[in-house]
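Before I ask anything, here is the structure I am working with.
Per-chain numbering from 1; labels A, B, C and D assigned in written order.
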Amino acid sequence: MRTLITDGIVVTAADTVPADILVEDEVIVAVGRNLGPADRTIDAAGRYVFPGGVDEHTHFGLPVSGTVSQPWETESVAAALGGTTTVVDFAMQQRGGSLLAGIRAWQEKAAGASAVDYGFHITVTDLHPEAIREIPRVVEEGVVTLKCLMAYKGSVMVDDDTLFRALQEGHRHGALVMIHCENGDVVAALQGQLVAAGKTEPRYHAASRPPAVEAEATNRAIVLAELAGAPLLIVHVTSADALDHIRAAQGRGHPVYAETCPQYVTLTADDLARPDFAGARYVLSPALRSAAHHEALWSGLSSGSLQTAGSDHCAFTLEQKALGRDDFRRIPNGIPAAEERLPLLYSEGVASGRLSLNRFVDAVATAPARLMGLYPRKGTIAPGTDADLVIFNPEAEWIMGVATQHSGSDYSPWEGKPVRGAVETVLLRGEVIVEDGRYVGQLGQGQYIARRPFAG
Amino acid sequence: MRTLITDGIVVTAADTVPADILVEDEVIVAVGRNLGPADRTIDAAGRYVFPGGVDEHTHFGLPVSGTVSQPWETESVAAALGGTTTVVDFAMQQRGGSLLAGIRAWQEKAAGASAVDYGFHITVTDLHPEAIREIPRVVEEGVVTLKCLMAYKGSVMVDDDTLFRALQEGHRHGALVMIHCENGDVVAALQGQLVAAGKTEPRYHAASRPPAVEAEATNRAIVLAELAGAPLLIVHVTSADALDHIRAAQGRGHPVYAETCPQYVTLTADDLARPDFAGARYVLSPALRSAAHHEALWSGLSSGSLQTAGSDHCAFTLEQKALGRDDFRRIPNGIPAAEERLPLLYSEGVASGRLSLNRFVDAVATAPARLMGLYPRKGTIAPGTDADLVIFNPEAEWIMGVATQHSGSDYSPWEGKPVRGAVETVLLRGEVIVEDGRYVGQLGQGQYIARRPFAG
Amino acid sequence: MRTLITDGIVVTAADTVPADILVEDEVIVAVGRNLGPADRTIDAAGRYVFPGGVDEHTHFGLPVSGTVSQPWETESVAAALGGTTTVVDFAMQQRGGSLLAGIRAWQEKAAGASAVDYGFHITVTDLHPEAIREIPRVVEEGVVTLKCLMAYKGSVMVDDDTLFRALQEGHRHGALVMIHCENGDVVAALQGQLVAAGKTEPRYHAASRPPAVEAEATNRAIVLAELAGAPLLIVHVTSADALDHIRAAQGRGHPVYAETCPQYVTLTADDLARPDFAGARYVLSPALRSAAHHEALWSGLSSGSLQTAGSDHCAFTLEQKALGRDDFRRIPNGIPAAEERLPLLYSEGVASGRLSLNRFVDAVATAPARLMGLYPRKGTIAPGTDADLVIFNPEAEWIMGVATQHSGSDYSPWEGKPVRGAVETVLLRGEVIVEDGRYVGQLGQGQYIARRPFAG
Amino acid sequence: MRTLITDGIVVTAADTVPADILVEDEVIVAVGRNLGPADRTIDAAGRYVFPGGVDEHTHFGLPVSGTVSQPWETESVAAALGGTTTVVDFAMQQRGGSLLAGIRAWQEKAAGASAVDYGFHITVTDLHPEAIREIPRVVEEGVVTLKCLMAYKGSVMVDDDTLFRALQEGHRHGALVMIHCENGDVVAALQGQLVAAGKTEPRYHAASRPPAVEAEATNRAIVLAELAGAPLLIVHVTSADALDHIRAAQGRGHPVYAETCPQYVTLTADDLARPDFAGARYVLSPALRSAAHHEALWSGLSSGSLQTAGSDHCAFTLEQKALGRDDFRRIPNGIPAAEERLPLLYSEGVASGRLSLNRFVDAVATAPARLMGLYPRKGTIAPGTDADLVIFNPEAEWIMGVATQHSGSDYSPWEGKPVRGAVETVLLRGEVIVEDGRYVGQLGQGQYIARRPFAG
């Protein structure tokens, strides 16, 4: 089966050239002109052709705050419609339990339920000796990223000893450690004091986790990684303050990688203060910041200090959010963002002049593929790589909102936002799964991808 | 009883002027010329007259590592002979116990046993609700400084929650929080890994607590203080890296105070590698650094980024040090430094051109008196203040060593070091307690000084 | 003649103590209690007694922009009424001319005309070989400070070669170099472009010299001083940006000193936009900044990164200011500030909690006296020093304005500003020259003070 | 004419994939597998295929110090043999003269004499009104980069006014300004003082231009660019100090681009002290630094703070270098480096683990092509781009030295250096010009490339 995508502008992390793409079965075989006959031709005239998005940060079907985030069945379709063809989701170790058992549990959730290819991280909550012994096997199975959280005290938070050992052991076995950086002790103390003072509304969520809480933990994580001689990936950077620590470490030559998310460059803490509990729609952690941080983050994305932009997708309905009506601490944290990721970053980044087209592709596909051990199979357009492709209309203009989204969530954090640029067609390993903006694939088409140990 | 000190050069934190000093009973009544008849005259011609040293950092009779550091009876005399007339020693809360009980225990140790005036800090190991409720009373009794340690895991280390609440509660009640900044989790992990690898000698003490461990905790302590809206005093700063964080915070306008110690500007990590277990004599925490850090610390002392220079005096005999012959973790941490503090800082600082005479006096007397709530009663030479005075010969040259010291320790970390400048005469509240370099006072002459809440 | 000042609170850079001061003829002989009989007693009960202010930055009778700033006869009286007893004024070398000739010319202006003691800096405009040869003689005559300006292109601006050699030669001969830091080339280019665009009003003065212009030159001056191995004093620092460079250099251990002025912590660029040409009253260089810079400067003053606060007094009438009605470049730069300096810094600094009382005294008297080679004769209260004293009522409340000022200028930049604290009595070398806020001295009482080479 | 390069590993700034490349005439038409029949096949098995190097910094036939650097006829061949297929050389405006006349003069030098494609920068020495008016025409002719030098006082150095206006006017018309950053006044002063002190040997070259001289000018250039709202490209960055300023500006979001050169990451100031005037071989400006700076620069290259690595090729014979035997100021500045650029950066960068393969290609080809307005025609491997290709053997091991080089210079600064990786075959627009490491092209094959205005 030969598929030819013709007349598009092929965009990679490095290049922007008009070219055809020839796909045989699941794989790209050539990029160029006059690539010969094909069984099927897709006209991409006037369109960009991007590599399929790689979203290294999703939480599909995650049990949290007494409820469960929206499942693979809906959320992976939303991701596909947003131009993402591979997600890496967070499996979780039960405290005291086995890493592999956590992975198994997540594999069951995803099996047969995913519209897109997928892999898993394992969130480490307890690095007991048995868990340490599991790491080589975990890596062998293609789970090459360990996640540690410095926040969520009493739940998944780990202490510095666990974090330090995870960095040492992960590095020893080729696993990259990803860190959620916030000082959980301070967050918990502030939360308790706010609630004790009757400050229970959503806007106090931001008050309980100010930028300094993130910046401190970011510096701490970096220093621990330097002491461990290990690379690290700091997830969902939200503030200029944290970015300063990241940039300083990169200047010292240490391999510090970092992610931001579309919400942190488009939404603000003011959204948390929306009346009638509407602020709950914007409760996620770290918290949204003032607009002053947006430009710093855009600048970090543009210069590459922030390599990647994942979604941190964790979708809830308004009914689920209402669990915290009387206490912001009980609002399930998270928003739907996997579908919105590419359009928002294109519209606010590329179309608004803050990001080059190539850095955009790098941030949403190539860089995460490299960091995740998926490259070159995923993340670029080149001969021999998976034919995961997005045909994108840069001229389309539309209004983002619940009416346009496909998540199981019943609200959109970007309701009413004008967007420039739209995903039209998506191919997953050579199969068209999105056509004219409609999902035409089938659940289970997405495969588990065993990832390769971190090389860089 | 009128005592006249004549013809000296009177030095304060601000001024250097030739003048006489008239003392009536315990108090200075005038500084100038022609101050009239006196019952006793002390000739200070060719000498500096300094305010009595204030050492905010001593550990006399401290139970640690299965032994007890040298007691008040010897160590307070050593302090007096070194030109220090007031010490503030660290009382300790038993984990789960009462703050006041800790203070009582320390008051008993010192009662009748001290050659110099004294006060207490209380080291907080557990901020349970009852302990929080004790704070106002603690402050009322003149214990206006709380100490928290971020290191010594499994012993006195506190977590960030305790630290943050101590900063909040201390500030609420006028107590300044002093912090030992090292990441105790990482130190413990490195210690365990070193010992597991057979690296048990004293020099691995430094390997287990590198500068980054101190710098990280320093930044963390500062951020927590900023979030708490509280001032803080970082004790025993040893590295350029930690100083950078301190200077940055001071530049942001936050009231961050810091101390270094004579050992950190004169001894190096190389001393820990001395053969035949002689490195054990240099085991103290944080660890000694490379010489490159010395100039940074001198510069910090000179510019006032480091306000004060305490001794962190904690003296042990060689027999006590031998407890850790097979495992550096069991070597009791500490050295005798209270007696050496003024001569070393004068010789290496003032005589070597790194410190002005006024900043020297500020660092060893005025600044600590202010930070400790002892000023103006202690720490300066001015009418109305306690007649704690040091007559110092700037031209004396001598060799420091065990033969010249008066601590109960039986070795000197500075054995053989040539020193310029010597303490000749010391007055404590108008009484001569050191004459011609000999102790002529009596134990018990030193009084407990209830200190005033931190104002600055 | 023995004068006794009784019952005041004596304040120095280090100490705050209740004490009497005994003066014999021109000199303080004792500070204390029961200082014996006196010919004259001045009651200072309820008052602070400060050392007489030292203002290292005045321009009395300076020819500029085709006019001459207000003269010694009025301005030195204003300084005295503001609690300043010594000024150091800027003599100017004619381009191509002799340094000594410049000093002579300024000595003539001041002779017999000054209410306060005085010295001179020499502004270097041309460092020709003959001028270099004059430096030792200049220093010998007590002119121990060279001034270079990096701005005012086509007038007094010098190039980097002159600046570098001035730093080298000054240091060789004991003269401290003071630098006005703004990139004069850029200022001139921006001025030309603004005027060419019809932007001639006073508010464009600030647009033509943004903070970056000052910060760049500040960094350049510091680097040149470091390369020359010379200390330097950066005058009239106005911005957080410049302060960052200063603080960084101090952190590197280089002797960088810096001054700010009361106007830069109280007035803003908005004042330049006042209607009806009233903005001209606020034209001075560097330009006033946004309020955001004020707190940074206060913090710098408080921590001592900015050692001193001179007035940069250069007073003009409204008629003189009108010379630039059609072109902001022709507005004579400067304001009256010598009289306002102490009250403003006390009121906005000490009374508002931004500055300790001792740092205030240090900044307005002790630190400038040290930097100027006037210490210990000037700048402190201690036996043997000149009896230059200010009796200050900290409780007085008044409204600053043209009605309260004594400069020859006919407007006040602080018209209507409520002030807390007032100068009541001023002694110059033992003579009362201000009594109850009225000038009771006589012109010519002020003497030339030959200053000592820079030691620090 | 269809040429097929088979079985190589195609490397771009983003991707590393095994693929064939099909070339039709001068242009790449496809990258992939099974690209059909060709007239000629080049076997690249076991080889990397890189885009042809773009060297944005050459000085061929430059009159300097009373002599002329080696000419196009030899040096462009050396560049070709080193894997560079496009150079951008510096034409020079005569002081007071026309920009276009300078370009014309350089076009004549290169016409018919170049082995590789080429463009020109214009070095601005005098921005008189007529020169400003020429800028649009200069840009139209494809000279889209203006060069300004802050050093070489009395020769090509410009003042800040010229620099600032060049930034403003360049930006207005689409020309990127490139800046040589050293404080020329200080360099000249230090040079004069050294020579006056009899310090005339080559090693004093470095003493006359220490890193601080570069760092200061770098900061100044950046601030001027920020004030002008213009991007800038800082050429030949040599020191960690300069890099700190660059990184800080990039962090602020300003478009600051920077270049380093192979010599600054491989040679040190010690080379200047080689005996018997051999140090003269290493005289170039800015001067070589201590080894401590190398790692900082590698880290900057790796992270992309330094985007590009040009050669600053300016070759002289030993006889030419001897012009400065009695005075280091008269030694013509420069070394041959165009041929060595790719092999050195591959060997010391990629093979030594300091640089990823993709960043290497980016630094030597893609990034300079983008900055120079040559992309996508030059600088990458993609359909539609010029078939400038380098077939590189990563396993070859050889010794660099005068015996292996092809410059007109008669010495090699890297004599005896072991190198890993070798250029074997080079295509220029589809023609093989280097085969088995021998030049097989003909002079004049290289064409002038009119470049496009700077877009980034």
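Here are a few things to note about the model shown:
Please note the rule applied: a residue touches a chain if its C-beta (ideal position, glycine included) is under 8 Å from a C-beta of that chain, and two chains touch if they have at least 3 such contacts.
No experiment lies behind these values; they were computed from the predicted model shown.
In terms of C-beta pairs in contact, A-D outnumbers the other of A-B and A-D. Computed from the mean C-alpha positions, the centre of chain B lies at a distance of 57 Å from the centre of chain D.
Once the centre of each chain is set as its mean CA position, chain A and chain B turn out to be 50 Å apart. Averaging C-alpha coordinates per chain places the centre of chain A 39 Å away from that of chain D.
In chain C, no residue touches at least two other chains. If the chains shown are joined wherever they touch, the resulting network closes on itself as one ring, and no chain has more or fewer than two partners. Inter-chain contacts occur between A-B, A-D, B-C, C-D. The residues of chain C lying in touch with chain D in their complex are 159-161, 164-165, 183, 185-186, 188-190, 210, 212-213, 215-216, 219-220, 223-224, 226-227. Interface residues of chain D facing chain A in the complex, by the touch rule stated above, are 10, 12-19, 22, 28-36, 243-244, 247, 250-253, 295-296, 298-299, 302-305, 356, 358, 362, 366, 376, 380, 382-385, 456.
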